[in-house]
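You will see two complexes here that share chain A, one where it goes with chain B and one where it goes with chain C.
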Partner chain A sequence: MVTMPESPGFLPRAQLERLIGLLREDGRRVIGPTVSDGAIVYDEVTSIDDLPAGWHDEQAAGRYRLRHDDGRQVFGYASSPTSWKRFTFPPLVPISRVRRDGSSLAFEAVSSDAAPMAFLGVRGCDLAALRIHDRVLSQGPVQDADYTARRRSAVVVAVNCTRPASTCFCTSMGTGPEAGPGYDLALTELDDGFLVDTGSPLGAELAGRLGTRPATSAQAAAAATAVGDARSRIGNPVDTGRVRDGLLTRLEDPRWAQVAERCLSCSNCTLVCPTCFCTGINQRSDLAGQESVSERVWNSCFSDGFARVAGGDFRPRSQDRYRQWLTHKFATWVDQFGTSGCVGCGRCIAWCPAGIDVREELSTFTATQPSTVPLAIPRATPSVADGFSTATVREVRVETADTTTLALRWASDLAAAGRPGQFVMLTRPGLPAIPMSVSRFTDGGIELTIRAAGPASATLASSKPGDHVGLRGPLGVGWPIDLAIGRDVVIVAGGIGLAPVRPIVDQVLADRGRFGAVRLYYGARTPVDRLYVAEYAAWASRQGLEFAEVVDRAGGDWLGRVGVVTQLFDQADWDGTSAVAFVCGPERMMQAAATTLAMRGLAPERTFLSLERHMECGVGLCGHCQMGPYFVCRDGPVFSLAGLGKTFGREGI
Partner chain B sequence: MADGRDVVAEAIGGWLSGDVPPSSRDRLVDLGRVRWFEPLTEIDREGDETREFGIVRHGRVALRTFVPSRGWVATLTIEPGDVFGWSALVAPHRATATALAIEAVEAVVFDATALRAAVAADHALAAAVYARLLEAVARRLASTRLQLLDLFGAAGYAPW
Partner chain C sequence: MAAATSGPTSPVRPRVGIVKFASCDGCQLTLLDLEDRLLEIADRFEIVDFPEASSTRSEGPFDVLLVEGSVSTAWQADRIVDLRRRTKVLVTIGACAGAGGIQALRNWASHDAWRRAIYPRPEYVESLATSTPISSHVTVDAELRGCPIDPGQLVELLTALLVGRRPQLPDIAVCEECKRRGAVCVVVSAGLPCLGPLTRAGCGAICPAFGRGCYGCFGPRSQVNLRALDRVLDAQGRSGDEKGRLFAGFTAWAPPFRDRVTDWVGAPPRSTGGGDAPDR
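Take a look at the complex of A and B:
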């Protein structure tokens, strides 16, 4: 057994070669700083000669330059445009594969390429970034298997920072200049060698094999002075104690529009950020159509279309996207993960082509703001999140000109695990998986109601009986039907929003005696756009279920109601004080419905909405569906109106 | 069975707020009469002078507009408790849509000219009637705005 020495060792400069050699002897690919393309770039190193001896960086807002002197210092730079996430969370990772064999589909996960690695030269800020990614990707309700495997495979040799850049603010974020927890070895570079601290049994074992000798008190003091000097030079540029509240209480501040005039939405900041983790999923197929691979790729909340849904884009403006990035990084990240998303490495400052300095932006929001009560964020409890499995199309029902219901046969345990309001990710080879609310739970399967909005949804909607599709889920938080037991129930649906509430109707009708009065109000665009028309008579005929429908506009032959869905109940005589409401439809319709329901006495705590956001992973890991502190896929899609608070219906959130 | 005056009084009582002086209420009751419209009866025609203001008691009235190449488009239906013919009280007193009974409709109606004279002569009545009328028109305006957004419409091409 290796015991960890309490006092630091000393490694003569030439012996650093020995450290690289030992790591390589252990079969590890050693990643460290190199000079490439005019920058410090983390890449594979095989000897000390690959390290950037004598190279130093000069960084400022929108500026990064390397300078060389005759010194021997190999860690004499502050940061690199690359970060370690390139190796723990690579820009492109294949995650699943589907093979076609005749008419059947076989889905399989792609195992991680997690060959052993060693990271040489991890700064305190970057080590904190790894800890944040651990929290986000490995310690949440759903684990990113690829990240976790890569992270576990990596030995971390940290470096205490003695040469910060003008862009650094690790001191404010509490991440440096000393390396915090999580390293195996930590070096402090001195003139003639390195002070060596051990942080793990593996590190102690490495130190033992290196044969470090105990550092002298002079060496230890020199190291402490060097790091202390670095801390003094950085100062404390950001008042972090007020950042979160300052941002969340000033979402409408004109500053957002001002910074957006400079922001190019280029996404450089998110690409160089060591903690940004938003991804998308690409599909790559062979030409024969026999095999299709899903690849997870880095994406950015600055990307055009990142928050796009079939009905539009929730963050179309630059100021929406900048606000999303900053408020997520410094405010809602805290709600989601218990830590700030920023480590103060300053990369986003140096690599912003417009020279936007995040410290300056933050100071605007921390200047004079009162404190607010922190939000109470419920812990998500997502259900089955494993890979895709095959389901078979049992029946196809055309609902409208562009909408089709597929009745699917699916592994009964998966379907049985689902709850009304949950969704699945639906795919076929070569197509991006799309989130789809379950529109009915059946014996041994589910039904999905699909509107053909683009190539993938159109292809899926054109499925034939016997076709195979891939399903992952059921996912997300569904309708809290239990809360409605013994109470009156009001269901308001608009357009295709009838699909996610149909399982509520099914459940209520199956157990009718346990609910009070049940009212279902449905609004559609035109008479021919109504869903499930054949079922209305059965719904309305059940004792106590009041069904009313309305269309936005109609031709001369329509004898039903015309108007908007709120007109079905805004002048009703029922009292909603103790009722529970379930609302689904376009967000603007839900706002109108919520307002009208409130007039009828519905409490915001008992008014539930199903939100639509762009979802790709479905489990809160890809970042697309964020809405304030929530991941809609994981914390929703069903939320109470009270839970959403002022976030609901707000521009650009 | 209630006679005509009782029906008129009941309809007015359901529509007007409670703080109208009895004399004003009576004046309005004096003006009202019950009318039945067979299905597909045109009650008002868009652009024509509005001859009656009415409160629907039973049945459904569709407000429709004729659009060349699209035919008749209904944008609102009037349900029991709601009113038709509000343009009887608002210049230029011409119907803004064609009102068609799409079911058998029972309504309490008021002659437009007489009603205008009554509200001109009785300011308390005018205050009550116009307040309710404004509520009805405001409700329709709010709904029309939502309809104008075409929230359920196809949103164009989506990449998935």
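Take a look at the complex of A and C:
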């Protein structure tokens, strides 16, 4: 049992070499500051000679320069364009592999093969960033296995900051200049050596092996003065008390368009940020499509395509993307993870080629006292089956010219665990996984109705009986059908949106007596685009299920109604005051339906919508499907209109 | 882009042709440089026309046609239309085919004046007054950017065609690849002019990683903020000539880089002769 010393120790300057040596003796790769390409970058260091003795950085918005003096200080810089996430959350890592294995598909996770690491010179801001990443990537409903393994292996030698840059604002974010919790050792650099604090049993053990002597009171005082000076030099540049509410109450502020004029959408801010975690998932496969590896790769909410789905881009404009970044970092991050996403390291200021200063942008939103925006803490989400498993195509049904239903045989416990409104990630070797709502739960399997919106969905839709596909799920929050028991039910669907509501119909018909009047309104583009036509007669024949449909454009022999789906019930005589509504279709259609339903008396708390967003991972880790405080994959795709509040229907969210 | 084949288990090998127009052949060489992977590709595709590698020629039909080079002569303009009619998936490879290439700088010059100044017998030089991308003449299904193209993107495109998915050719900035590889931003750390923020990734940010600014050989991203980069260049104190030259490279004719070249040298002449040979 190692006891942690109460008082700090002192390490003479030359003994820093001994610390690096000890860490390396333990089999660790030591990552620390070194000079490369005109900047301090974090890279492997093997001796004290690799450290940037006498190098100092000068930073301003869009500008970073190094200069050298004769000093011996090795931590005499403020920050680096590198952040530690390069090592805990590398730019590109393989995460899973699938190969065709005779009559099945073999899915396997790829585990991190990284050697244990030690981080030398972690500032308070960057240590806070590691704590934030721990919460995002290791403490949510689904863990990022690679991050968790790397992070667990890393020894943290922090450095209390005594050389802040003009871009720093850790004091405002409460992360520095002294290092907060989470370090094993913390150093404060003095002229002739380092004050050493221990923060963990491992740190105490290292200090013991180093043989640090107790620091003198003069040394402790000098360290406190140096850190105190740093604090006063930084000041308090950002009024964080108002920032979240200020941002969320001014989503339509003209400032967004103004900053977009200067923004290059180059994504540098997000990539230098030590907490930004958005990633894409690449497929790397052999030409034969027999084996493929999924790779997690850094991505950015500023990139084209980040929020795009087959039907369009949810954030097409630069101002949408800047607003997403800033509101996520400083506002909705708090709802999601109980902490700000910013640590005040200032990298996004210095490394913005256009010199946009986030502190200035924030000051616009904190200038006046904003009204309070209640926290939208996402409800607890169910845990999910880990990874992909194989399903077999049992039957293929052609629905329309571009839409196909696959009936799949799947592990019965997974299929049975699913609830109407949930989705799966669907893949095949060589193909990206795409989110797909379950259109029916069957005995020992599920059905998926796939519209060939792009090449991958077309390939999946062309599957043949006996083919194998990979499924992950069932995922997300489904329709709260229990809430409808004893009430009238209104279902409104548009186009392919009939697929996610069909399991509601199935459930209601299977248990018809428990529901009041049930009405299903369906709109399709043309008569030949209607799904599940053969089932309509059976639906309508059951007592009390009223089915009405409409098309945008009629064909020659169409005798039904033509128009938009809301025309089917905007003049109806039923009262929706106590009813429950389930709506799925294009977002504009759902907006119109929600408005018309409200006029029929439907409460927003009992009006439920299923949203579509770009999803890469399906489990709340990749960041693509965010909408305000929500990850649509994890907190949805089904939301109540009341829960979505003003986020729903707003352009560019 | 439609898949050219019936899937990974199909024994039918898609017929691939590689043709060239006005270009240096460097992109075709990228295919040859794949070396070990080339055999695997030849195993999966039937390469029916590849003048850089084989004397066997084909007039199609092609499941996939890789087109190198820009349209620079009247013959080429007819030829690409003819080839398009016999091709299922037409893919341009490189900055010449995709944007007109470095030779598109002639689009701003007097074609006849240069032709007379350079060639002793200009009447034998049959060329158009312009160098234009393939997409100015026929529908293009996919493009591989760059001067030259990136071998990894070429393999990715061929793999995607076989497997039946969209090729992963992300429309992201060079900056994103620059940061992924851990290069230090040359704009911020050295005050260099760099087209990286406006330019589509795919090269792996080679130039910034070697301490020089990107010169945009992969061409513009689908959305670029030229005025924002103007501000950066102005803050660096760049002259009009420096700024113009930055855009007047391998993808000069690609909108909206084209607008910046025009700002610098003036609008392209309406007609500078050409169409075919000058008067004898």
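Simple rule for what comes next: the second predicted complex is superposed on the first by the 644 of 653 C-alpha atoms of A that agree within 3 Å, B and C clash if a C-alpha of one lies under 4 Å from a C-alpha of the other, contacts with A are read in each partner's own complex, and residues count from 1 in each chain.
Here is the rule we go by: contacts are C-beta pairs under 8 Å (C-beta built on N, C-alpha and C of every residue); 3 or more make two chains touch, one makes a residue touch a chain.
As the structure is a prediction and not an experimental result, all values here were calculated from the model.
Peer 1: Should A:L264 be classified as contacting the first partner (chain B), the second (chain C), both, or neither?
Peer 2: second
Peer 1: Contacts for A:A592 in the overlay, against chain B (first) and chain C (second): which applies, first, second, both or neither?
Peer 2: first
Peer 1: In the superposed arrangement, which partner chain does A:G305 touch: chain B (first), chain C (second), both, or neither?
Peer 2: So A:G305 meets both chain B and chain C here.
Peer 1: Quick one: chain B or chain C, who's touching more of chain A?
Peer 2: Higher number of touched chain A residues: C.
Peer 1: According to the stated criteria, A:A115 is in contact with first (chain B), second (chain C), both, or neither; which is it?
Peer 2: So A:A115 meets neither chain B nor chain C here.
Peer 1: Check the residue A:G62 against both partner chains and state whether it touches chain B (first), chain C (second), both, or neither.
Peer 2: second
Peer 1: Based on the superposed arrangement, let me know which partner A:P81 touches: chain B (first), chain C (second), both, or neither?
Peer 2: After superposing on A, A:P81 lies in contact with chain C but is clear of chain B.
Peer 1: For A:D529, decide between first (touching chain B), second (touching chain C), both and neither.
Peer 2: Once the two structures are laid over each other on A, A:D529 reaches chain B alone.
Peer 1: Under the stated touch criterion, which partner chain does A:A540 make contact with: chain B (first), chain C (second), both, or neither?
Peer 2: Touch status of A:A540: no partner.
Peer 1: Touching A:G563, do we find chain B (first), chain C (second), both, or neither?
Peer 2: It touches chain B, and chain C stays clear.
Peer 1: Where on chain A do the contacts from chain B and from chain C line up?
Peer 2: Shared contact residues on chain A: 305, 431-432, 454-456.
Peer 1: Taking the touch rule as given, give the residues of chain A at its contact with chain C in the complex, in rising order.
Peer 2: 36-39, 41, 62-65, 81-82, 86, 91-92, 260-268, 271-272, 280, 282-283, 285-290, 297-300, 303-305, 318, 350-355, 429-432, 454-456, 458-459, 462
Peer 1: Along chain C, where are the residues that touch chain A in the complex?
Peer 2: 1-3, 7-8, 40-41, 43-44, 155, 158-160, 162-166, 168, 170-173, 175-176, 179-185, 187-191, 194, 196-198, 211, 221-223, 225, 227-229, 231-232, 235
Peer 1: Within their complex, state which residues of chain B touch chain A.
Peer 2: Residue positions touching the partner: 60, 62-64, 70-77, 79, 81-82, 102-103, 139, 143, 146-147, 149-155, 157-160.
Peer 1: Give every residue of chain A touching chain B within the complex, in rising order.
Peer 2: Interface residues on the chain A side: 305, 308-312, 402, 431-432, 434, 453-457, 494-496, 523-525, 529, 550, 552-556, 558-564, 566-567, 570-571, 585-586, 588-589, 592.
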